[in-house]
Every structure is written in structure tokens, then in C-alpha cells.
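You will see two complexes here that share subunit A, one where it goes with subunit B and one where it goes with subunit C.
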Partner chain A sequence: MAAKPKVAFYWCASCGGCEETVVDLHEDVLKVVEAVDIALWPVALDFKLKDVQAWKPGEVAVAFINGAVRLSEQEEWVKLLREKCPLVVAFGSCAHLGGIPGLANDKTRDEIFANKYFRSPTVDNPGKTLPQEHCRVNGYELELPNFWKEVKTLDQVIEVDYYLPGCPPPTSTVAAAVGAILKGELPPKGSVLAPEKSLCESCPRKDSKPERLSISRFKRIATSIPDPEKCFLAEGYLCMGPATRSGCGERCLHGNMPCRGCFGPTPGSLDQGTKMLSTICSLGEADTDETAQAYADSLVDPLGTFYRFSLPASLLRRSRRQEPV
Partner chain B sequence: MAAGPFEPKIVGFLCRWCSYTGADLAGTSRIQYPPNVTPIRVMCSGRVDPTFIVKALADGADGVLVAGCHPGDCHYQEGNYKTMRRFPMLLKLLDQFGIERDRVRLEWVSASEGERFAAVVKDLTEKVRALGPLNWNGKRAAAAAAQSA
Partner chain C sequence: MPERITINPITRLEGHGKIEIFLNDAGDVERAFFQVPELRGFETFCLGRPAEEMPRITPRICGVCPTAHHMASTKCLDDLWKVDPPPAAKKIRELAYSTFYVEDHYIHFFFLAAPDFVVGPTAPAAERNILGVIARVGMDIAGQVIRVRRECRQMLQTMMGKVIHPVFGVPGGVSRGISEEERKQFLETAKFAVEFAQFALKLFDDVVLKNKQYVDLILSDAYTHKTHYMGLVDENNKVSFYDGQVRVVDPAGKEVAKFHPRQYRDFIAEHVEPWSYVTFPYLKQVGWKGFVDGAASGIYRVAPLARLNAADGMATPLAQQAYDTMYATLGGKPAHATLATHWARLIEALYAAERMRELLEDPEITSKDIRTVPTATPEEGVGIVEAPRGTLIHNYWTDGDGILTRVNLIVATNHNAGPIAMSVEKAAKGMIRGGQVSEGLLNTVEMAFRAYDPCHACATHALPGKTPLLISIFDSQGKLLREIRRDG
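Our next item is the complex of A and B:
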């Protein structure tokens, strides 16, 4: 029997939810372990940088990397993995599009540091100490990674072969992807391993969508409860379904939560946020400047809503708003 | 590009039925106005996806003009209403990105309003000039460097 192929899992700026997906395979994880050897998995097993540096090129067949990239340390790791592995898969929304950590691109680095190290109510920092890349403690030179000015997607840092979208990717798509890799039945390089149609196509509520949607103002999920059967948009809740790729298993919809857009834009769409803006506003009832303004005013945070998972992958990538620190 | 005074680069999406014809009228009437708007003829202002506007800004434009038929005059009945509905939300989004409101403008210009077209372009150009280059992601500086090389 030939040696089992080796795979690596790595994480950058992420929450650990993507690792959870692997754990959520439950006993099926045994089948995965039967088929492949896990060569690197920092969340569960202890590996060091030097272990990866010692790999022979091609020894580990595929690296699944989750999380967005913001630190020089993450850059070092992903570049090393790219060098060693013939296949790199961006695993989950953060690696694919920037994800929730990507929303930090709404703020400057200085604002983030000020908030974290000066203003946070649980921080007492009278000396206004900030983390330094280099400092000396008891005669030792200590080093911290550089915190970049912006959050980047994985493919803004290294070449990526495939994308597994989702926050987190559903276990079924992960299992299908691993199976396809093992069999060598892969789609063209650069593919997103999910269906090409928008979520509305597979929405369990699509029959309740009226011929013509008409919204005068947005309702908020925090202050009212949607009907569990009806199209969210028809009720006035902002649902990212029209601008989002399907394949997620409609998990949020089954939980009576409108789509938040984690699977990213449909193919051919340059920018998920402006596409959603276009859809949702064209549908409005407004026919004067005033009513159009009132419609816009009823959505509290367009940037955070339209780009909840995709800000670093958007055309503008980050906000330039400078707030006093 | 030689380093001279800043000349704003503005992309103009003009509806084929009203505003593009209005721009033509400004020309045939020999009205003088700044040459900073690069016109792109579209079938309807409703066809101007907000993605186009954002892409123009991301790729180096300092401002964007969208011009269409007056409400009620749309050749396709309601295309310009769709644009009207999208604009306040787009401006709100651009605020969050830190892009000044004066850089992006929606105007209604009919085929007979050559004077108005020239006035709109003049005003927009001066407002963008006052704001200075947008230079999103360093695209403008990069293009200028490539041109002078």
C-alpha cells in the first residue's frame, strides 16, 4: 500500500470555527484520518515552524488555510506552506474574502490600537504602552509580528488554487473537496468549490417571493421577528441571498435568520456589496429624493451589512475614514 | 504625465437619450466647459450599476458623474427612478469608505439642456479640484508614473 497523502491545516486571523468544521465531521473524521495523514494542525497538535521548514517539497499534498492575513507572522507561514504544498485551498470566508476580521478595514491601525489598548473599559494602561515589534526584557531581545495597515485575503498574499467558502464551510462541501482532491478530480484552478447560482435559487422560501418585491424601509432582526416561512426581502429584512453564492445548506434561513453573505459573490460579480446595494435599492418603493433618502436612512450600517464577509476582497478594500485617535 | 497643477479625472456615465445628447448640444452650441469629464455613453442611467461607480473610483478616478433623464422622462419608463433610489444609499456607503460626497454626483440633464450640462461639469470639476486627488490604492500615482516612464 502506498503511503497515505499528507494534508496540512493552518489558521491565520480566524475564530477557530473553521477548525470546528473538521471536528464536526464527527466519526467521519476517522475516514479522513484513514485516507490521509494530518501533517500540521496547530489547533489540535503541536508543530513548530521548523517542522514545516523540514518538509520536502511536495511531501504534503495540500494545505487548507483558514483565516484572513494581517500579521507578518501569518505571511511567513502561508508563504512557507505555499512553497511546500502543490495545492493550497483557502478554507472559509476569512481566507476567501477577508471575513469578519476583514471588517477591521473599516478602521485604521491607530484607531484599533487606541481602542484596544487605551479606551477599552477593561484595560488600565496609564503609561499608554503599545505592543512593540522589538523590545528588550531582562537582557533578552523580544520580537512581535508586524500588524499590517489592512487585513488581506489569502490570495492577496499568496497564490491560491481553490476556495472553500462559508463561515464556516459546511462539512458536506469539505468532505466533497477532500474526496475530489484524493481522486484527482478537480475543477479548473482558481475555482470556488460551491455552486454558481445565487442563494435565492435554493432558498426554501423562494415560493413566497412576490413577482415584484417592494420595500419602503428596512426592518431590523434585533427589534422584530420575521415570519418563519416568508421571503425575508418581501417582509423588509435585508437578506444577502440575491448577491450571495449558494451551497451553504441554507443554515441561517432554517434558523429564521436572513442570509448574511458568507459564501461571497456569485461568479462574474466584481463586488458583493455594490451588487447587493444595487439589488436592494432598485427594489425600493421610493420615487422622490426624500423617500429614497428615508429608505437609505433606515439601514444603519451599509458597509458592515453589504460587506460583512467581503470587505478586503471588495473593489475599495478598506475605508479611508480617518477618525481622531 | 508632467507634474503640473492637479487636473481632476472624472468619469461621466451619460444616458444615451437625454444627457449624452445634452452633452452633444453643449458641444454644438460651442459652450466652454472643463475637459475633465470622460463621457461613457450608457443606454440608461438605470444601467449604471453602483459597481461601475465604485470601480471607477478604485481604479483611479477622482470623481464620477451620473447623468440621466429627468424623473418622468425616462425612455424606459422608470430606469432613472432605480438610479435615484440607489444614490442616497451609495453616498452613505461611500461616506463609510471615507470618500467625500462631492466626488460623486447624480444629475438630471435633458437633451435640450446643453447649458445645464456645461454648468454641472464646471461645478463638479471645481468641487473635485478643491478636494484634490482621490488616488485610491495609489492607482492614480501609479498610472502617472507609468505614463511618464
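Our next item is the complex of A and C:
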């Protein structure tokens, strides 16, 4: 029997949803286990370093890496995997674009620490104790890792061959990608393994999108009820569809909620947020300064919405008011 | 010479986990530290976001229990906007939540806990995994486990938009209702889940309870801690996952607190240590007395056994029977045996399945009245649910436009951080004597934290049967003396 190809799963700063999506293959996961040997699984974060170091180059065919990168420890790991594996796939929104943890690039590390350990209404910390990289407790030396001041995407740290977008990537996309890799039927290096079109093009509500969309004021889901059939933007709800790549299975839309952009920018677009901004500008129905202002004011949290999943990958990368990197 | 044992990683709790065990000169365990070496700062980077986005942002705290964060967040928005969802919306949310409990509890039990009991705590490491479980229980049973999980997850996908990172929770209700056709189909799943839950308990009885060695292990002192217990209860003091009041009992089982979610800050405080990014919650009225158990310590536990201890019973008939059997077998209430958490988990899965069936037999579940649109000005909200891993608290403050100005989160494994460190320490003390570290240590130490099902021990980790551990033993100069590795 020919040796089964070996694959590795590894995770950085992530939530575990990408691993769950693999388990959600259900019965098919047994087929995956039959087809490949898993040489490293996400839980093995800092584990088997020596084993990985001992891999012959190419012995493990592909590394699927999820999560954003923010620790030097993670950097060492992904660099090692890059060295050993002919193919590296950025798995999920966080590795691809920084993901929701990447929103931390809008805040400083000091703010994060102060909110967590000083300002929290339940924290009782009169001595202003802060977690330390090195500390001594009753003579015991203890260490904690240092954090980078910004969250990075995987390709800001190592070269990435392919991207599997989504938060998390749908199981069908994962299965298709694994199949394509095993068969060697791969698109050009650097490709995002998802359709080359925008979400609007595959949207189940696209027929309700008018020829010319125009919005005078945005509505919020908190205080109004969207029609279950109609185009969200046509109804005045901010939907990231125009600036977002298709391939997610339109899951949020089926749940009657607008897109938040987890599949990342549309093909050919450099920056999801600026693409959405230009869309919003062209949709605005405003002919006076007042109406334009009212339109702009009705749009809440553009940064956190346009870049919900992609701030570290954006042209901005992070807020510039922070302490120096 | 004092030695230091590092277990790194045990992986992920809002990221990652690490255990440091220090030995004294005699080679016995003196102190253990359960460290969480990561912080992602959700409380901070959510500031400035519209509050209604929180049910779509906070699930990323954990992709294993995203539904718990989604639900706590959604309930927090109800409170924030002072809106009471229509009855059908509450029932739909509770149905989704019960369904989530069924699949989540089973993935933990079968994929993670069962290898220790079905295959055996001292079985060869290579067999002590889900494949080893399948080899022993057979493909037929394995197929049923996969089926119950698949059907529940598909149901969640339909109801909540996405099963991983749901989207359907909005202030005052849900974004999507249930059709009659869906109800019928879901009811079949619920009936199967009830059947399966009874089977799972019987399997536990056959495999674990009929084996004296396991029962002795469960009841042994190494896995026992007498602490306070916390959990949500309904109006009859029965276990509740979706809603209710928080009840706390002392190590003797006496109620010492019962409070509305809005009052949580009067009862819970968090202690900060310089050696962990995680905070250590404790009962405010008792105070922080360090990592010790007993009635005089503010340490309390959450998660399945704690919930059963903190309540007077289960709200459904079959689960109540199972509840009575468990306490009769364990010698009364409260039960302090950490490993009995697995048993409690299966009882909860039965309750959740029965609750699914009840809700799906309620004609109101298909009502189209699923949303009350808020009209009040938002200010502050608190939402509490029982996550599978324990009490989960979301607390938001906003400006008048519902833009977040302050966020406080106490997540399930957070409450258990102190107890996990204590349990690991105690198990390690029971295992490590005179500096002798056996391979068995790896698994028994793991079993101590695995019972809590902390996020870092989530089921996804276990699929190929790997819950790997690396234990490095250093002398006081930091020289590596020995390394023991277990691949799972």
C-alpha cells in the first residue's frame, strides 16, 4: 500500500472554529483520515517541535494554518512549517486577513491591559497587579509570552501558497480544497480558493436588488426588522456583499442577516474597506450638504464594519495613534 | 534539587494554556500553576462597535461554543434595549440552545472523555483516542454518535444561519423563525436525541459504573475538591441553561446566594495574578483566600457537576431520574468528585434532548411573532447563560445610540481557572512522588482538567485522538533533565 500523503494542521491566534469545521465533515471525516495521515493537529500548538524539525523536506505535503499571528512563538512555528512543507494554506479569515481578533489593531496594548486588569467593574486589583512576562512567586520563576503590538496575517510573516477564506470556511470548500491538493489540480499560486465573483452575484436576494441602488439613510438591525427576501442594501441595511468575495454558501443571508465580509475582498480588489467605502459613496442619495451629512451620520462604525475581518490585511493595517511598534 | 515540570501546551482557553508544576527537594509536588498565556482583548476592541453586532463578534472568543457567546450576547442586548422578546422568540432561542448542548456535550464525552474510560486511563497511549473508542464500541455506535451530532448541527445551521458563529440573535427576538415543515423534521431529531441520550447513559453505566476500578478512581481523593458551586436555575430551582437566576451553594450544599443577572457584580469579583493573563473569579462575600477549597474560600466551580450541585433537580422526567440515580450512587449531594462531571454532562444532554422535544411539541414554536423592536434608549445590559462549560456573563454599556463604551465578560472557563489549577495540582501530587514521573502522569493530569471540558480541551482537538502533552523536567538551573511526550 502506497504511503498516504501527510498533512499538518496548525493554529495561531484563533478560536477553534476552523477546527470545528473539519469535524463538521461528519462521516466524511473518516474518509479524510483514510486518505491522509495527519502529522500535526491544531491542538499541538507548541508540541512536537522536534518531530516537525525532524520531518524531511516535503515529507509533509501541506500545512493548513489558521489564526492570526501575534506571538514570536507562533512566528517560529509557522516559519518552520513553511520550511518543511511544499504547500502552505492560510485557513480561514484570521490567517487570511487577520479576522475579528485583528480588530485589536484599532486599540493599543496598554488600553487592552488597562481595561482588563484595572477598569473592569469586577476586577479587584488594589495593588495594580499586571501579568508579567517574568515573575517570581514564592521563589518560583514563571513566564508568559510577550505580545506583538499588532496582529498580523499569515502572509505578513511567511509566504503563503493558497488561501481558504471564511469564518470559518464552509466544509464543502475545505473538502474541495483538500481534494484539489491531493489530485494536484491547483490554480496559480497565491490564489484564493473560492469563486472569482462578489457575494452579490451569488446572493439569493439579488433579484430584488434594483437597477440603481440608492440609500438616503442607513437602518440598524437593532431597531428595525429586515424583510426576509429583499436585498439588504436596497432596504437600507449595511451589507458587505458588494465588497466581499462569494463562496460562503450565503449562510448569514439565509439566517436573514446581512453580510459582514468574512470571505474578504472581491477578486482584484486591494482593500475591502475602501471598496465598500466607494460603494457607499456611490449609493448615497444626497444632493445637499445636510442630506449628505445625514447619510454619513447614519452609518455607524465604518472601520469596525468595513474591516470587520480584514483590518490587519488592509492598507491601514492598524490605527496610527498607537505607541510605536 | 528542586525540579520544574512544564506542561505546554494544553492549549486554548481564549487561546492557550500551560501548566507549571514545581517539585520540592524530595521530588514531591509543591505547587502547580495553570497559566493562560494569551489575551485577545475582546473587552477593548469591541468598544466603539454598535452593540447589536456583539452576537456576531463575541462568538469568535470560542469557535467550539460560539452559540453560548451568541446567546449571552443576545440576551444582554434585550436587557440593554429594555425589550422583552415575544414568547416564540424565547422558545426558538432555547430550542437552538438545547440543541447546541446536545451536540456539544456529546462531542466532549465521546471524542475526549470516552477514551479514558472506554479504552482505559492506562491503556496504551496510541489506542487511547476516538479510534480506540470506535474499535471497542463498534461502528454502529460510532455511526449513531456521528448521526446525532450531524442532525443537531444541521438543525442549528438552519435555525441560526451558521452553526459556527451564529447570526440569528437580535435585541428583542430572532431574525428567523421556524416553519411547520422544519418543526416536524426537527422533532424527529429531538426524538432520536432523547433515545440516544438514554443509550449514552446506559453505556456509561455499563462501561464505567460497573467497573469498580473506575468508580474508585472517580471517588478518589486525588480528584476531589470541596468547593462552592454556581449555576443558573429556573423558578423551581431546577437546572436551566438559557435563562434564570444564578444560584450558589456552599460545599455542604446550602444555598448561600441567589441573584438576578443584573446583580452579578455584587456577588462575583476577579483576582489578578502576575503569572497568568486569565483572571480568577471568586465569591465576593467570602473573599479571595488563595487557591484553596472549603467553605471559607471564595473559590467556586461551574460546569455540569457544579450546575447539578447548585440546583434542586432537573426540569424533565427522564433527566430527573438520572439525577437521582447519580447522587444516590455518589453518596449524596453535593458531589465533589471532579470526574463525576462526565456523568453530570450525560444527564444534562438528556435534559437538553427532552427540552428540545418539549419545545418542538409546543405549537407556539412556529409562530411568526418572533421580534419585538426596541424603542427604549440603551444604557447598560447584562446577559447570563449557562455555557456547556459554565456560567457565562456578558455585560455591556453604551451611549444613547447603542455604541459600546464599556464591556465586561466573564467566560465559563474563567470561573474554573482557579479550580483547574487546584485539580491539576492535586492530581499531580497524587501521581508524582520522589521525583518519579511516569507516563501515566500525563494522562491522569490531563484527566484532572479534561473533566472541566475547558475550551482548550475541546472536541476538535481530539479527532485523530491526539491530546498531546509535552512534559519537560528541568532542574533549578534550567537544565533539561528529562522529556516525556505523549502523542495521544
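The criterion applied here is as follows: the second predicted complex is superposed on the first by the 305 of 325 C-alpha atoms of A that agree within 3 Å, B and C clash if a C-alpha of one lies under 4 Å from a C-alpha of the other, contacts with A are read in each partner's own complex, and residues count from 1 in each chain.
Quick note on the criterion: a contact is a pair of C-beta atoms (placed from the backbone, for glycine too) under 8 Å apart; a residue touches a chain by one contact, two chains touch by 3 or more.
Predicted model only: the values in this text are computed from it and were never measured.
Aligning the two structures on subunit A places subunit B and subunit C next to each other without any clash. Of the two partner chains placed by superposition, only subunit B is touched by A:Y295; subunit C is not.
In the superposed model, A:R317 lies in contact with subunit B only, and not with subunit C. Once chain A of one complex is fitted onto chain A of the other, the partner contacts of A:W148 are absent, as it touches neither subunit B nor subunit C. Of the two partner chains placed by superposition, subunit B and subunit C are both touched by A:D106.
Taking subunit B and subunit C in turn and counting the residues of subunit A each one touches, the greater count comes from C.
By the touch criterion stated above, A:H26 is placed in contact with subunit C alone, subunit B being left untouched. The superposition places the C-alpha centres of subunit B and subunit C at an angle of 140 degrees about the C-alpha centre of subunit A, rounded in steps of 10. When the two complexes are overlaid on their common chain A, residue A:F306 makes contact with subunit B while staying clear of subunit C. For the pair subunit B and subunit C, the least inter-chain C-alpha distance in the overlaid model is 9 Å. In the superposition on chain A, the residues of subunit A touched by subunit B in one structure and by subunit C in the other are 106, 301, 303.
Subunit A makes touch with subunit C in their complex at residues 13-24, 26-27, 29, 33, 38, 41-48, 71, 99-101, 103-104, 106-107, 111-112, 115-117, 119-125, 129-132, 135, 137-138, 140-142, 144-145, 147, 167-168, 220-226, 228, 251-257, 260, 300-301, 303-305, 308. Partner subunit B is touched in their complex by these residues of subunit A: 106, 269-271, 273-275, 277-278, 280-282, 284, 286-289, 292-293, 295-297, 299, 301-303, 306, 315-317, 319-322. On the side of subunit B, the complex with subunit A involves touching residues 46, 49-51, 53-55, 57-58, 71, 81-82, 84-93, 95-99, 136-137. By the touch rule above, subunit C contacts subunit A in their complex via residues 4, 8-9, 11-12, 15-16, 20, 22, 31, 33, 35, 37-41, 43-53, 56-57, 59-64, 66, 77, 81, 107, 143, 146, 149-150, 153, 157, 160-168, 170-171, 175-176, 264-265, 268-277, 279, 281, 284, 288, 371, 373-375, 395, 401-403, 406-408, 410, 455, 458-464, 466-470, 485, 487.
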